[in-house]
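Structures given as structure tokens follow.
Look for subunit A in each of the two complexes below; its partner is subunit B in the first and subunit C in the second.
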Partner chain A sequence: MGVAGYVALRVGWAAVVSVIIVTVTFGLLAAAPNPSVQQAATQAALEGGDPQEAVERERQLRGLDEPLHVRYLDFLTGVYTLEWGWSEYRSQPVTTALADAVLYTAQYSIPWTILTVLFGPLIGVYSAANMYTWRDHAATGFAFFGYAIPNFFFGIILLLIFGVWLEWIPIVFRTEVPAFSLANARQLAIPVFVLVTGSIGAIMRVSRNESAAFRNATFMKTAKAKGVSPLRAYAYHVMRPTLVPLSTTLVGQLLAIFLGSSLLVEVVFGIPGLGRLTFNALVAQDTNLVLGSTLLFTFLAVVGNLLEDLAFTVLDPRISYDDREL
Partner chain B sequence: MRPGRHTIGAAGGPSITRRQWLTGLGMGATAGLAGCSADDDSGTEATDDGDGTGSEPDGTPSVSGTYDTVIPSSFSTLNPLYNTGSRAGTAIGRTLDPGYTFNTDGEYFPLLYDLSTDDGGSVWVFDIREGLSFTDPYGQVDASTFVYQIRELHQTDWAATAASADWTGITVEETGEFQFQAELPEPRLLWPESYDPLLYPVPTDIVDPYVADEDVEGLRQEEALLDLSFTGNLGGYTLEEWERGAGTTYSRNDEYYLRDIGEGPELFSNAPYFEGASIDVVEERASRLAALETGEADSAGIPPERFSEFEQNPRVSTYRIPQPFNRILSVNMRDNGWNAGPGNLFRHTAFRQGLAAAIGKEELIAGIFRGLAQPHYTWQPSWSEWHPGDDAVTQLGTGDRYGGEVARGLVGDAIADSEFGYRFDGNALVTPEGETITLDLYHLAGGETSQLIAEFIGEELSDSLGIEVTIEAIDAVRFQQDYWTAAPQGGTDTVDGEAVSWDRPTPNNPGPRSVTSAESWDMSIVYGLNTYPLNPLTNAAFFDGADARYNPVGYYPEFDATGVFERARSADSEAALQEPFTELFQNLAEEQPYVMLAFGDELSGYTPDLVGPTEDFFNGWDFPAWYFDA
Partner chain C sequence: MTDNGSGATADGSGATADGSGATADGSGATTDDPLLAVEGLRTTFETEAGDLVAVDGIDFTVERGETVCLVGESGSGKTVAVESLTGLIDQPPGRIEGSVRFRGAELTALPPKALRRHRGASIAYVFQNPQDALNHCYTVGWQLIEAIQVHEDVSDAAARARAIDLLDTVGVPDPAGRIDEYPHQFSGGEKQRVMIAMALVTEPDLLVADEPTTALDVTTQAGILQLLDDLKAEYGLGVLFVTHDLATVSQIADRVVVLYAGTVMERGPVVDVFERPAHPYTRALLACLPGRESDLDAVGGAERGGIAGSLPDPTAPPDGCRFAPRCAHAESACSTGDQPPEVAVGDGHRVSCIHYDPGDDPSALPDPTESAAEAERSSVESARQDVIGDE
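Let's turn to the complex of A and B:
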């Protein structure tokens, strides 16, 4: 099987996965009670109306009076024609809601990812190169601190120091600030820092331990014997094999912490991104929006894994598909 | 225009911005239900980007700065026809004035229209202010705008607008270009105070296509209604952008009609006084308070535990604003309540009085509310015009009506009246078998104040009556579904010697005491309720007989509640209302249908250079006249 075939297979599998995920999510939502129906009944009762009538009206408004299979098929058709419906929670089309939120999430998650991917392995290799010195201990301490301290708490503390005491950064996130501007960099600096410290630890530790194994490898001895500078030796001969096992976990790891971390950081810093969007959609039982964001995350995870596998083959030429020569 | 309702003077109405959506749209109780009556610290907040600089030649302050409100959650819609949320109400109110408001004296103040009646509240005349206009090309606001809206939207089945319940059975008729009248099925002297006749005008041309097609989805999703682009001169500001999840931004409206009305505060003549405004969504409370502290926000709600800290902070001015949502101990008088032994002692008035006497209100307010609350003896706050006066109601839980001795005396009366053999073993109430009484008490999960109140009640009942209280935290939605409501069944029962039939059961009063929720429970402080001080007749929903619409606890009045409400409904003057209301609130204080505890104040902080806020329930009614002092 060639790369093209492999990619096609993966994409096909992604489609199956998406159907399963959409179905499971729909099932869960359909089984959950809807508080808005209850609320409508309560309000009608308070206002002297007929609660039963209010319940029926609310169910009809939300399309809950249709049979389950009809609702499911309608839903499935909509999903695959990109008609993701109207978000009641935000009073706008789901696709617009997601696009808006992705814009804000991207503004901090792109620098976050770049910095994590860049500095995680670098600090790890640096730590390995200076193993058991104070530099190693300092880097390890930094990694463990970032990993251990909850982002939510760390964010509030930094907001207190830099926002309230020093007044270097604004407390309220301003959406009207242009994406590429100093003002935006200023209001995103602390959220990005919090997220990077939270995610860099694991990567740094893995790369430190991985690269430690290559420090005294024969190819390093050869490189040293040929007079290669330590910087070049580590950059070319240690970093590359170190990244191979890392790349298998990197994307998955980042995606796994993406939703949780970004929600808490978005709440603290008031960023209207994907994390808050998804969480609030769940709380408000906005079916369309929940499904839309689920699909988006499914897509991100699937594509991320695909890229991860491709990166794997690029980084390590020893790994090949059965019939790579084709 | 000559206002016709200046003499009403009913106290206790909400300011027209955020609270109007609570009380006006029947959401007061719902907000209380959500447990946010005392814990809610979500007041308005703002940012001053400008420097207040002196005044204009006419003596009015100069226009300066921007007023940015910070709120803890975003809005789901800004469509005035469908909004039921208080925060979205504030967001809409920046650009679109409602029909009327009440000033700090509780007097009716006409905004878009005046309301008057000369036949005791049967027919109400709406006089619409001239000179009101929508944005081009939607033309002027006149009687036909409102009459069309009422008839074609609020009074139809398909549209299901937020105000639909308010207009049922009312006949509206256009009587002039700027006048129409509404004929009510029965007289309602306090109709304006109920906020039922409150309307937000929307252009007929926008809604007409949806009316023709009876397209409710289209109407809800209409962009012109959602982005409030039609508001013309009807509000102090124009909506610039609604960034869902982040909030709204506004620019000053130079054409605001309020400048020319010739009544109200003189400051209205050049209103509003901010160059712009915005409402930012900041979900984290610590962040909102930080914004208040740095001056990035001009005002914010403050939780009780941090109020004294902000009182000492020169960068913030603090305000205690009274409000009508109460803290109550609900006791379950239905068959699945009182799980400590045979029968149900909660059904005995003397027992409920005993509970009220056992819980020290002053101690509760000093210890948990940090002094930032008022004691609650009857179903009205003391500042309400309809409160019968402190001397007229029994003040259980205070002074010589507080303590173990008083409580045991009252409980003794109750057990003497009970057919079961409950008795006192020393100072402790025990079951007929001599076992300790153990009752569960539910409070809202995650609410610190709520938990502290529960613990305090537990200690008081243990000290005074030897009752062991098991405290349970519960999610509001779960409590609502499995404990507080039940499937309506109806039925009949004998109440005070008379047969009562539950002909229209509701989830909140599903039937007689034999009809119960899915889960059994004894006591709860999960929900607070609105006491409706502006129009106490609304309390009929709670107390108008055992079959009242909202009676989850299974309370059977032992006084002639139906007769009292009937007399109040048929009163032909506001003076005549006082007598039935006094009787009602004296009886409720006596019977304690819910064991009443306290009214927590709404705690707000503002930037010190903001001029306008007052420590009054109607705070914010004159928001267009607020300004930054230099």
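Let's turn to the complex of A and C:
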């Protein structure tokens, strides 16, 4: 089959997974009572009308009188053609609301992810290379500190220090600043730092423990006996094999923080990103918007897992594609 | 072989383990330095239980075109000894003392960078377990080319061409096609051939082979040993071969150094040591070989079915001869002082055992009495004292 065949199969499988998720979502929606129908009935009853008739009218209006399979196909096409409906709370199409929010989320998420992926393994391998010395303990201490302290709390403390006392950064995120500007970098530095400390700990610990096994492997002795410098030996002979097991945990770790912590950080720093949008949509019971952001997160997870699997297969040459199950 | 004649040297009297013992051509020579001369090599590791003495002051030499075997059971310090030569031991926790001279130049005093230029270039290693000795993430070619380019400023294409040549030399079939394969696509024997090719990239003078055939099956072993022998002749290599397998030693060695608990028990040309073993430990080792039992009766050996007991605690080695607690010939004098000085019992054949005087025949070892072989050592010491006293 080869690599290309495996990749094609795995991508196809990701598509199937996304259809399954959309289907389950539809099933849940269809089974749950529709709040707008309930509302119409209540309204009609209050105004002395016929609640039953109002329910019928509302159902017809929303296309709920159609057979289930027609509604399912409509829903499916809607999802894949990005017609995700109207957000009542934002008074704009759901996709527009999401696109606006993604723009802000991306501004801190991309640097945060890059920094984590770059420095997590680096600090981990450094720690393993200096195992049980003060350098290792310092790196481990830093990792556990970031891991243990809640992001939102850490964010508030830093905001207090750098925003309120030192007045180096604005207290509330300013959306009028252009995305690629020094001012934007300054106001995003603290949220990015907070998220990096939160995510780097887990990555660093995994890298440290995985590379600890490789630094004592015979091939490291081989490298040393060949006359390879310690720096090169770690960079090539330890870092590379460490990336294989790391790739399996990296995406999961990042997604967990992306879904959980970014909301809290957005609330603390007043960034109008995806997390806050979802939170507000939930509070406002804006079904379409909640559904939209849920689907967005779900797709991110599917794509993330896809990338993780592909990275794993490409990184470890020992994996054979010929008899590989998905 | 340029060893001393048996009676000519200071023999027993002055030659302590870390002195001038090993070979007569050692310290004073200004011309014709041996390829490798090790004197008083002592490697210790700091552990929580105290200093662990893995190698306790050993001497040996390796000449060009000669195979020297370090023999001993697991834990006798042979691997640590050869890895200490070029500082492959992590320091700390390890500490390497003594003198390692390569072509007359002292290696132990070299700064790390200068030492690195020797590794893989003039002194190359082949390790025990080929399964783990190649990095599974890189192709065989990548790893060979790395070994070349670490030492020489050659283009990728030139390095690759040489790598293919070397794979051919060590007998990997279809080298041009297989150079881009990963280690897991090679069999154990082929991996070891790749390791040998990697050791040869810069045409070293000394090849250190640390149990290179232990992890391989018997037919593959024979092929690898043959290859090493061929290469020794072709490249004029000095080979330092570490093994616990005496059958292997008998096939390839020119000279043998028998190690026990980090000290040298006996040394000599392979024929002498195998045919006329002097030290009780060597005799016991040889008795473990299938078909050797009757041979040993001829030299008065009584050891059978393995050696009772186990290696001494390396953090607290016993006084006197390290082997005394397990030795059927031991008497009270064996357990005092330091390891006995080596005495010559033949041409280049030397033994560290108090039962021998300089110039003695290797068969001069007194028989332990019947009861001594079986009973507790402490109870027979006095009885044996009488036997010794008679001679």
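A few notes on this one:
We take it that the second predicted complex is superposed on the first by the 243 of 326 C-alpha atoms of A that agree within 3 Å, B and C clash if a C-alpha of one lies under 4 Å from a C-alpha of the other, contacts with A are read in each partner's own complex, and residues count from 1 in each chain.
Assume a residue touches a chain if its C-beta (ideal position, glycine included) is under 8 Å from a C-beta of that chain, and two chains touch if they have at least 3 such contacts.
On a predicted model such as this, the values are computed, not experimentally measured, just so you know.
Of the two partner chains, neither subunit B nor subunit C is touched by A:Phe299. In the superposition on chain A, no contact is made by A:Tyr80 with either subunit B or subunit C. Contact with subunit C, but none with subunit B, is seen for A:Lys226 once the two complexes are overlaid on the shared chain.
Of the two partner chains placed by the overlay, only subunit B lies in contact with A:Glu176; subunit C stays clear of it. In the superposition on chain A, A:Trp13 makes contact with neither subunit B nor subunit C.
Look at A:Ala284: by the touch rule set out above, it reaches subunit B but stays clear of subunit C.
By the document's definition of touching, neither partner reaches A:Phe153: not subunit B, not subunit C. Partner contacting the larger number of subunit A residues, of subunit B and subunit C: B. Interface residues of subunit A, counted against subunit C in their complex, comprise 217-219, 221-229, 236-237, 240-241, 244, 315-318. On the side of subunit B, the complex with subunit A involves touching residues 26-27, 29-30, 33, 47, 68, 70, 73-74, 76-79, 84, 160, 165-166, 168, 216-217, 220-221, 226, 241, 243-247, 249, 280-284, 286-287, 290-291, 293-294, 296-297, 477, 480-481, 485, 488, 504, 506-509, 541, 549-550. Taken together, the subunit C residues at the contact with subunit A in this complex read 83, 86, 88, 116-121, 124-125, 127-129, 132-139, 146-147, 150-151, 182, 184, 195, 198. Every residue of subunit A that touches subunit B in the complex is listed here, in rising order: 33, 35, 38-39, 41-52, 57, 61, 86, 88-92, 97, 100-101, 156, 159-160, 163-164, 167, 170-173, 175-176, 267-270, 272, 276-277, 280, 284.
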